[in-house]
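A quick write-up on the structure given underneath.
Labels for the chains are A, B, C and D, by order of writing; each one numbers its residues from 1.
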Amino acid sequence: MTAARTRVKQLGFLQAINRAQNEEMARDERVILMGQDLRANVFGAAAGALETFGPSRVRDLPLAEAGSIGVAAGAAMAGLRPIIDLTVASFVFGAMDQFVSQLAKARYMFGGQATLPVVVRSALYYHGGTAGHHADRPYPMFMNVPGLKIILPSTAPDLLGLLKSAIRDDNPVLCFEDANLWGRKGRGPIPTAEDHLVPLGRAAVRRPGTDVTVVGIGLGAFLAEQAAEELSADGVSAEVIDPRTLVPMDWPTILESVTRTGRLVVVDPANRTCSAASEIAARVVEECFASLRGPVIRVTTDDTHVPFSPALEKQIYPNKDKVIAAVRRALAG
Amino acid sequence: MTAARTRVKQLGFLQAINRAQNEEMARDERVILMGQDLRANVFGAAAGALETFGPSRVRDLPLAEAGSIGVAAGAAMAGLRPIIDLTVASFVFGAMDQFVSQLAKARYMFGGQATLPVVVRSALYYHGGTAGHHADRPYPMFMNVPGLKIILPSTAPDLLGLLKSAIRDDNPVLCFEDANLWGRKGRGPIPTAEDHLVPLGRAAVRRPGTDVTVVGIGLGAFLAEQAAEELSADGVSAEVIDPRTLVPMDWPTILESVTRTGRLVVVDPANRTCSAASEIAARVVEECFASLRGPVIRVTTDDTHVPFSPALEKQIYPNKDKVIAAVRRALAG
Amino acid sequence: MTVSADTGAPPAEFSDAPGRQLALEMMRRMQRVRLFEEATIALFHAGELPAMVHLSIGQEAAVVGACLATGNADYMTGNHRSHGHPIAKGANLDALMAELLGKATGVCGGKGGSMHLADFSVGSLGESGIVGSAIPVATGAGLAAQVRGTDQVALCFFGDGAASEGVLHESMNMAGIWKLPVIYFCENNGYAVSLTSEESLSVPDVATRAAGYSMPGTVVDGQDVLAVYRATREAVARARAGDGPSLVEAKTYRFHEHAYGLVVSRPYRDQSVVDTWFDTVDPVTLFHDRLIAWGVATEEELVALHSSVKSEVDEAVEFARRSPFPPPEAAYADVYAPSPEETR
Amino acid sequence: MTVSADTGAPPAEFSDAPGRQLALEMMRRMQRVRLFEEATIALFHAGELPAMVHLSIGQEAAVVGACLATGNADYMTGNHRSHGHPIAKGANLDALMAELLGKATGVCGGKGGSMHLADFSVGSLGESGIVGSAIPVATGAGLAAQVRGTDQVALCFFGDGAASEGVLHESMNMAGIWKLPVIYFCENNGYAVSLTSEESLSVPDVATRAAGYSMPGTVVDGQDVLAVYRATREAVARARAGDGPSLVEAKTYRFHEHAYGLVVSRPYRDQSVVDTWFDTVDPVTLFHDRLIAWGVATEEELVALHSSVKSEVDEAVEFARRSPFPPPEAAYADVYAPSPEETR
């Protein structure tokens, strides 16, 4: 892996987004892109969009989160396929009613008349001194809402492929991008396929193993790989699974793995209580109890808000050592 | 129980709310009450408030959920203790940013300078043909947000006592009221104590048992009791626990029980994925694995929206038979 | 606000044959709303309604005047007081009535119910039980029309209570900056449940707020179907011309309780005044009298129209009654649209 | 909008001894904002700032004029561009600077940081990194003053970008119906990051929207501290008299990039014009020149004032630097307030 990195040209996260958006906008004129500061490309993922697709299909949004998501829902119901760039995931809360009452429910409540192909992108912007108002990881809230799909890729090629699939999907899809992967961590070789698609709902087995299953979400997938590497030196064989899509979750892959290994650790950057990790743990104990040979351990962010001070922040998140400790507890239990 | 009901005068749910609010407003002039249609007392829990405490402390809110919660946060930071009656829990979504960014975070982010004694009441209005826009049970979303306390009483005396404690608590407390208990189900003898207080964070063991622990939330607590009654005829001894407070959860009581029984079923009216039931299952398998003798089974509402048709609605919720089936699965596993 | 019946020559709109047709269509749609809702009252008393209904009786001129100023290809969203909107937009009554009874043949397959009607075939993109929540949805439909370059408009119904919701502001601002073809149509019936509009609105007329978004705001007599039609048609013309959104506020009355059958123990409006409304400000009677005074229709024609609508409604009730309930598995359908990337 | 320095007699506000004090206090607070932020720029370049900062440089007259029109007992909330607000409200610089460095002695114990300053001791109830989100909070503080029957007011800072958020509408409506003592103060600096206010606002002046809530709306030259002070004082007087809320819009400039150090590849404003601002519309220089022209202060006095503020800021930087970081367990404190009903 490390050796390969120096040889193969790598895809950046922002490039992945940019390529997915531009390819799909070129492919389907119903796709439009709206977000803050797109024309000035402040976040870096909108390069070329305005020039190529024009001001009707590429719009800068005023600050109005609820209105923006509702407008996307209405535009979708009237035939467009909007991509909304909400920039930071902490800004989703202002739009929650529109997510729940309109985007998620309209199709069902209207008996299938409505189709809502909307993609909403936002970055998980934790770990970087942005403090409590910019560092949320709110995807578990949305997992509690039927009708929404959720992707959370951990590599740039997956982001490219999943985002393209999301834009083609006829359902509302929330795309959460872990900003900690924007740098070196999340890169991978640039897909050569013209149409690099990763289907929604399929996990990736990042590393096969036999002693314990480690499911890692977002940055958690990388921490799981790092931990697995280190554990292998001690003779522990960890299987690392990156779900990539949280709704629909790839239960068959996860359950099959735990049935084999009998042990499970889940690494999830969300707040602990009612996290994605909680759901995975609950489902596994419900369905694989007979195979379980140790406790299911969650490695999550502690249930606190994100403190500003660099002296305080990092400790609250999952890290490699916490994952290793969790694996040892799972093996001991 | 059934016999007692005919003898002892019972407390209604709306009376419990009314009494809690009026007693606490009389006790502390900083307590104010704001909500929709309070003066006309459309929902029935505001009787006498306007007459007793006057229009400055009892206000009808315009339709503005975000503004209402934010106003409550600001009023609290400036010394009042607001109670906000949001009426139906499906209306919380419009205020989500204010719940998360202001109510839940302000104290922490300002280093303890702010105190936010706000109570927000809303009814879980499912099971009654109100369809998708009025039947949400969104408390698991809020469990994912540190800084909020959450109560969900299942009897009228508990509602009285918990709501009074909530009003006296210096933290934001969300009070969810299961509307299915407004009728006969949730009654209990009228507390005679002048100051009937139930502390936050203490579960109630509704029925002791030895074979399986059944944790039931809201209406789920009643279903658990009914199921336990029926199971006892078959010689199954089920311990029924009603957490009453979801944050902070009374983990010691739950974990101690499961350690004894080795089996757990959780009955939760929320949508299944990332439900309170998921959290309880995850925590138990993490901490009591060695004692567990069967799978932890969740009995929740299915992951769908609430359909309007009476032909469709009831099947999606937990019911007594589903609880009994779950207990049998837990015992068999 | 009582309007005395005009006499003499009919207004320009109704003076030729197509105009006469238009006038009769206005009456027909108002009667459809009125009689449909009277039928739901009967169903309520017969214990056949699975849930409460919010009636538009008294507000027919507002909804019909607004909807008839748009075409079938135009979009519309509304709120919990939802029957009038799709009916005025031209929806089939059978499927609406079946929806109210939760039947499989309902316009939403029985899954929406009274507060959440939608009939995409006539541009009705759905009503919202969450007050105010569909306002940006209509705005987005307007955006779609603009991006696709059609001349469609979106009509957005909301109440005086909903006017306090933040999404109205966000939506009107977006429509303003992008000059979207949206008509924000406020049915100001004076109340949000028990709260008077004077108490919930910090300004006498919602229409005043239009100036804050550089759009025209008009107050119109909501009991006068022609006045509403004219004001809305002007807004529609403006929208189709690419000149952007408008706000039309119809001052109207809700003749029944907030939801039919709801009992509010403490009175919040003067019942003796309410009781006069059917005689003084009933939009159906007012229009009936004018049509005759103008010579646009005869009493006989109007009686015939009434009874033809009556049978249509009766048939809708029968259709709804004899329709089957949806099968249990329908509760789990349409949570998601099918897609190539379905999970295994 | 360049304002030439007046000459001749000083304005009434500054003509007596207390007035002179007021004038100097205005200058002192503007300098405190300016020099505090220049210090943060230096810290940024020295790599000592843990995160980006949003500077109020160019907007000092707006924030100081507004804050000085209120008293210490009055409430205030603000936004991400947060340093100027508490400084202008009179907060201690040491604790603010320590907060920016994430130190235990910071005004929020190092847990808020640059975007989330709060100093309850001077009525600063906190800034919000979520744009617009603190607007109802200020409104609620106004409600508390009204319920408690004090004569306090709440000053609510927000930007031209935030003016598109729905909570502004909801808040202004509530303040309007209840006549709350709130001053909605818009710092219109022309941009929300890269979006111009012309593009994000459907109306030229945010102040126009005040009419939609029956409150006065005033546009004021935000580079003129006295003009801002006057407009705000009028709004404050109105609020204290029980006459309700006002909206004051100060047209101002953000001299630096949205966040200091942020690089926006595609230019959205004309840098050659931006470069002239320090010479043409710098509120500190403008006020400096006027004070001298009016004879309210001498050059020497102003130089002395500047250097006294400079040392205060230097000391704040030193204080912040030598302060300890909070202990790790502080990350888990103050999630909840202590209460008798704590869990076991």
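Assume contacts are C-beta pairs under 8 Å (C-beta built on N, C-alpha and C of every residue); 3 or more make two chains touch, one makes a residue touch a chain.
This one's a predicted model, so the numbers in the text were calculated from it and none came from an experiment.
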| item | value |
| --- | --- |
| Chain pair, A-C or A-D, that carries the greater number of C-beta contacts | A-C |
| Reference subunit A; chain at largest CA-centroid distance | C |
| Subunit A and subunit C, separation of their C-alpha mean positions in angstrom | 41 |
| Distance from the mean Cα position of subunit C to that of subunit B, given in whole angstrom | 37 |
| Computed distance of Cα centres, subunit B from subunit A, in Å | 31 |
| Multi-chain contact sites of subunit D, meaning residues that touch two or more partners | 106, 108, 110-112, 116, 128, 130, 133, 164-167, 170, 173-174, 177, 199-201, 335 |
| Of all residues in subunit A, the ones touching two or more other chains | 62, 64-67, 90, 93-94, 97, 101, 108-109, 131-133, 146-147, 303-305, 307-308 |
| Residues of subunit A touching subunit C in the complex | 32, 56-57, 59, 61-62, 64, 66-80, 82, 97-98, 101-102, 106-117, 146-147, 149, 165, 168-171, 199-202, 245, 248-250, 252 |
| Partner subunit A, residues of subunit C touching it in the complex | 75, 77, 106-112, 116, 118-120, 125-126, 128, 130, 133-148, 152, 154, 166-167, 170-171, 173-174, 177-178, 333-344 |
| Residue numbers on subunit A that touch subunit D, as the complex places them | 36-37, 39-42, 60, 62-67, 90-91, 93-94, 128-134, 302-305, 307-313, 315-316 |
| In the complex, subunit B residues that touch subunit A | 65-66, 90, 93-94, 96-97, 99-101, 104-105, 108-109, 131-133, 136, 138, 140-141, 143-147, 247, 270-271, 273-279, 281-283, 285-287, 289-290, 292, 294-298, 303-305, 307-308, 333 |
| Parts of subunit D lying in touch with subunit C, wherever the complex brings them together | 164-170, 172-177, 199-203, 208-209, 211-215 |
